[in-house]
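Both complexes shown next keep chain A, but they swap its partner, so chain B is in the first and chain C is in the second.
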Partner chain A sequence: MVLPSSEAATRSAMHDDGLISSPGAWAKEVRQSAAERAQNQGLPERRDEYWKYTRPDFFVQESVTLEAQVSPKIQIFNNQLKAEILFENAVLAAETLPKVANCSIESLDDAADLDLHWVSDIYGKLELAGQYPVRRSLAALNTAKASQGVLVHATGQVSDPIRIHAVCAGRTDAIIHHVVKVDAGASVTLIETGQYGARCNVVMEVEVADTGHFHHIRVQDDHEIHALTHIFARIGADSTFKSFTMTSGGKMTRNECILELIGDNSAVSVAGACLGDNDFHHDDTVFITHDAVNCESRQVFKKVLRNGAVGVFQGKILVKAGAQKTDGYQISQSLLLDEDSQFLAKPELEIYADDVACSHGSTCGAIDEQALFYLRSRGIPEAKAVDLLTLSFMAQAIEEIEDSKISAAILNHLTDTLEAR
Partner chain B sequence: MLEIKNLQVQLEEEDKQILKGVDLSLEAGKVHAIMGPNGSGKSTLSYVLSGKGGYEVTAGSAHLEGNDILSMEPEERAAAGLFLAFQYPVEIPGVGNMTFLRTAVNSQRKLRGEPEMSAGEFLKVVRAKAKDLKIDAEMLKRPVNVGFSGGEKKRNEILQMAMLEPKMCILDETDSGLDVDAMKLVAQGVNALRDGKRTFLVITHYQRLLDHIKPDVVHIMAAGRIIKSGGPELALQVENNGYSDLLEGSA
Partner chain C sequence: MAMDDVQVKDGVDAETVDAVIALSGAYKYGWNTEIEMEYAPKGLSEDIVRLISSKNEEPKWMLEWRLAAYRRWLELKEPDWAMVEYPKIDFQDQYYYARPKSMEEKPKSLDDVDPKLLETYKKLGIPLKEQALLAGVEAPEGERRVAVDAVFDSVSLGTTFQAELLQAGVIFCSISEAIREHPDLVKRYLGTVVPVSDNYYATLNSAVFSDGSFVYIPPGVRCPMELSTYFRINAENTGQFERTLIIADKEAYVSYLEGCTAPQRDVAQLHAAVVELVLLDDAEIKYSTVQNWYPGDENGKGGIYNFVTKRADCRGDRSKVMWTQVETGSAVTWKYPSCVLRGDDSQGEFYSIAIANNMQQADTGTKMVHLGKNTKSRIVSKGISAGKAQNTYRGLVSMHPKAKNSRNYTQCDSLLIGDKCGAHTVPYIEVKNNSSRVEHEATTSKVDDDQLFYCRSRGMGEEDAVALVVNGFCKEVLQALPMEFAMEAQALVAISLEGSVG
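Presenting the complex of A and B:
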């Protein structure tokens, strides 16, 4: 595959009608400047430091090369949640938007018409802030082009999780942009399941006000897709942000999470449990900036890989001057079930304050033979014993989920996925 | 029940012989004890019988009720009725003790072609057996052996034995790391499983455990061989005089 020169690729990726489709002055302006941003930066190339382990080709090339499956074999959260938002072939089924107490849910497509000021304060703004010090031009391109997405504004405690479920078929090229605002004292849980397209470029911008709480759960299990996701979040004081992703499908998935802690005494967590098999490449890229006092951040990533699957972790904690009493924790571990699989990890710490505690660990290992023998000696066949040890290995990441009902559902889903393979 | 003939074993990775021809014949319903100094090959014997990797059988045989167990996978040996209570039970974080027990029970049933135990039936049985071993509901919920005290780990081994109902139980230094009360509790659990048919091989350094689990036969193992067999009085002799007399006698 030949990577086109970045300028040409940017032009070709932007020349269709998707650009500046929505009316409204703010949107036009934001999209125009995002397009310029993407153009100036150029599309990612393999020589870029942050694309060293993951080839950007599939995300930047003109055509979509995979055919999406209609739906995965094993479903999660189906018909279990009261509030559901549906995307079909990368288009929001706007007529189905649920009514939820203490929360407004709108379509991005209508944003300019609705004159939602809160959206214009966030859309493209957090993405822009996340462009430094690492450029993320595909996210800028998303801001420029996305016409589909949901706008979720939690104004109080939202009691039930809101699920966004996406189904697609064929070679859908999805560009999705969600905007979330959590007000002071408000809390909301957003669950993303399914896939928007055979190729996805998804951005979620999240603003968590002081004393706000945001929980995000994502399940990525369709196989025939190339997915690139970005979460850009800005977190106020005394608040919580937690994002957990379970990935068991996707030929190539890169999940980027860029968080900025701007208020004191807050806690964030980004976690992932990943089950990779065969033609599978999974990349977690995290950048957490501490710019406030007494905040805790956790990154917990566990990957179990076999048959040549590749796992990547690039995680950074940046502690700015004055961000004292920061407690940063980062662990990325992989369990390689054979000698063909690979785990590539790049943990980074950059600290400019002197009263902080930051720890990081990255390991790569084989199955514990002693534990395997213990299970087998009890009559558990080898394959089943490996599954149990896989679940055991992932437990720490799943424990990052606060809601015990959701973590139980994830654990069941993982168990079913293991049994089905 | 278990017939071991001229069993010779060396380490896979290095040319080091550990068992140099072990002969043992364990009749159904009996309790045999093996005592011996450190490094005599007692634990290796238990591992080789239950199928742990890293060992190479260079000669000899081991049959459980006439079936050649050395050619079986560890899980097949378990399903055939062999059980090893580990000296150091393994911690498995993230997997609930109950899930583990139920998976083990039903895996064995499946391997034997028997119907699986329903969730309700399992729960009833496990609760009753756990109670006898003073294992509370909390311990059943916790991840396998994680955060368990030494005594709790050994009681958990006996609970597994009680649930799996093996024909041939090997206890590898079950008394190590236990205080007197914990040892009594574990011994009670073992004695409750003695039914005239089930066979036990108790491996221990000390006579102490044998005060609570009364053996029918005591074997002394040294340098990879059984050097002497006798009645329970042999264990007392070791307790009083140590192994040196016996070792000199055999040299």
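Presenting the complex of A and C:
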């Protein structure tokens, strides 16, 4: 798939007058080559196969069209976690950077001006590796332009989750770039809540060393948002990577996750639960590359949609030659609560090794009338019964979260969100 | 591919490996008939289009139709989205029309056809001689009769049993004859299922198709015998562009078979066909293909590029179409027999086994477009790759907003034999109403619980029960094949999808 190069569009989206930040140090070269990459590839267009079900318009146009509303209706994890980092209107509140044992947390803005920094081995590198076979120019653009972000380096077991919370108002155009490095034997959990801007372009690069463990939880519930996120991760041997996203807001959200398994015996999971209502378009795009022996990958996505909401799933498992004993699992399911909602899916497999098991399932349908009837016959009002069935439908995705405290919090949040609507 | 140099993973049945190799191994139909041919000049231009049209003694409207297609084709781009790689085709380095010299004077009956040509078909196992029926004596059991339209390079040699079929009201003839003899029917339906500008190869076909088959089954008629077309590419550097149009009027039924072979040549040859099926209310068409074009040699030299557009339009309510295909040949396959389920309660089914060996590349699948209410579709696809072959299933299931209460079940499995080949799946699922159900699954992940329970209750171990159910499923494709493909089916029975990758 080749993105048609449209230089003018790229240039306007890059707003060249803004120039690339960070004058010197390691960041300069990386940013410049990323800018060139974005320019050469051109920005995504409607007719691109890779953007078949989601229009890229809002992400490439010059202006931000939505006004973000501060403070969502329902709060999650508030005042529950010891380590919290705050972003206000797409800017890191540096004074909130917490001190955490076995972990260094820094601001990208500060690190970019240094001559040497560990992040130079990762920043833009994983994004670059993720540009093939599909070009992700908006991620390259992010590498070139982002000045705000958090750099997390876990050197041992980090006992408490670290939360990044973002609040915004007005027409903030956020370009955020986080980098996470998990050393051998180390483990860390990162929770992202809130939204950085009315329009977001967020990239997170994650390097998990052999025997490292990384968990990522994300809650997207602000509605007046156009969000595009990318996670690029490289996973070593005997390690874990798990990412879960709960989405109940956002006019248009596209979450891309590009994982590469390069060490043997590792396990990854990418999951999502999505509750869509009205003018809601949600796209999960996952690309998992198996380039090592005996690894397991799971993709579990559940969407419940109503009032014309649209759910998209594009998932792919690529098993390279030699990646024997791969166990790939992919399931995307959608529950359409009314006539107007849509589910569009492309669950792909590309396999070049013979001793592997990859399954991909995708289903779509209405709520089970019999189950509904059963609940109603037990005296549960219809709306409540639908909510209960929604919760049970979502359960498989939420079960992908390892930490039971977090999964309980997500489940509560989901219940509250259902009750509030 | 020889058996000894393949490392097969545990769990893959040895019988399966043998069967795949036997099916896709040495090409049996690679010989060539020495015969004097008449060619149109090489290359493609408006003049060639005019020439083909005049050779077929076509009316003016048909020529205009072709020219419009040709002009449209010039504006189109060759598609590159399929997972196949091949050197760029030089469309000017091909012959677009080749016919045996002896066919210059159209033979009045099959008896007048050059014996050499008849011999060719005999060698392929296709009897063109009608077995005369003795008055009052039924055909012996097991010897079902099949009417055949034999297409040799660019022309149809003749169609058997025409007179008998006509008694039942069935029209079965070459498309060139239909354009001359039944222009109203052709005009009404040609290009209405696959429009002239549908895609690059269909448009090319619309401009230069030279022959093919035409079938019309009148209302209420169950076609008294199986109809069949046998395509043979013989001439070198010649593309075959055939066009098939089958119309099943209200409550009509027909089963149609298609076979194809080509000689072994070093240079790849192009085959770009279009098949259009039209089904009115309560009509049913069974369309079965055993595609065995020359696949090229072990190093990928030569072979047929098979770029085919096949589509059925279930216009009528309660109509039913069934595509069954066994794909073992061709160097490159690009083929998606599709169903447009327009009529309410219409049904589409697609059963496919695609076997690719050596350097073969197959990108095949189906599209089920649900437009009418209560429409049903079912897809069962088995892809098997061996050697260095690449096999891709590509499919679309689309439920439009008005296709209420529709249902789709898709199952596609792949099996890899050896570690140098590839198996890929690219399904598209688009659901735009909530009363429809769509399921896309792989056998390995989902086995029918009831069947499993039954086997278990009869004392079978869990694993044996799963194996039995899974194997039974593969055979479902074979059961959909008509009797005439019994030979092929027998060879395929040995294939099991145990150890499939997903």
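Everything that follows uses one rule, which is that the second predicted complex is superposed on the first by the 405 of 421 C-alpha atoms of A that agree within 3 Å, B and C clash if a C-alpha of one lies under 4 Å from a C-alpha of the other, contacts with A are read in each partner's own complex, and residues count from 1 in each chain.
Everything that follows uses one rule, which is that a residue touches a chain if its C-beta (ideal position, glycine included) is under 8 Å from a C-beta of that chain, and two chains touch if they have at least 3 such contacts.
All figures in this text were calculated on a predicted structure; none of them were measured in a lab.
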Partners on chain A (chain B, chain C) - clash or fit: fit
Partner chain(s) touched by A:370 [first = chain B, second = chain C, both, neither]: first
Touching partner for A:359 - first (chain B), second (chain C), both, neither: second
Touching partner for A:347 - first (chain B), second (chain C), both, neither: second
Partner chain in contact with A:384 - chain B first, chain C second, else both or neither: first
First (chain B), second (chain C), both or neither touched by A:395: first
Which superposed partner A:169 touches (first chain B, second chain C, both, neither): neither
Superposed model, chain A: greater residue contact from chain B or chain C: C
Which superposed partner A:129 touches (first chain B, second chain C, both, neither): neither
Per-pair minimum CA distance [chain C against chain B, superposed on A] in Å: 13
Residues of chain A at both interfaces, chain B in one complex, chain C in the other: none
Chain A partner contacts - residues on chain B that touch it in the complex: 50-53, 73-75, 77-79, 83-84, 86, 89-90, 92-95, 100, 103-105, 107-108, 111, 143, 160, 164
Chain C partner contacts - residues on chain A that touch it in the complex: 1, 49, 319, 321-322, 324, 328-329, 334, 336-339, 341-366
List of chain C residues in touch with chain A within their complex: 8-10, 12, 81, 401, 414, 416-442, 444-446, 501-502
Touch list for chain A against partner chain B, complex: 368-371, 373-382, 384-385, 388-389, 391-396, 398
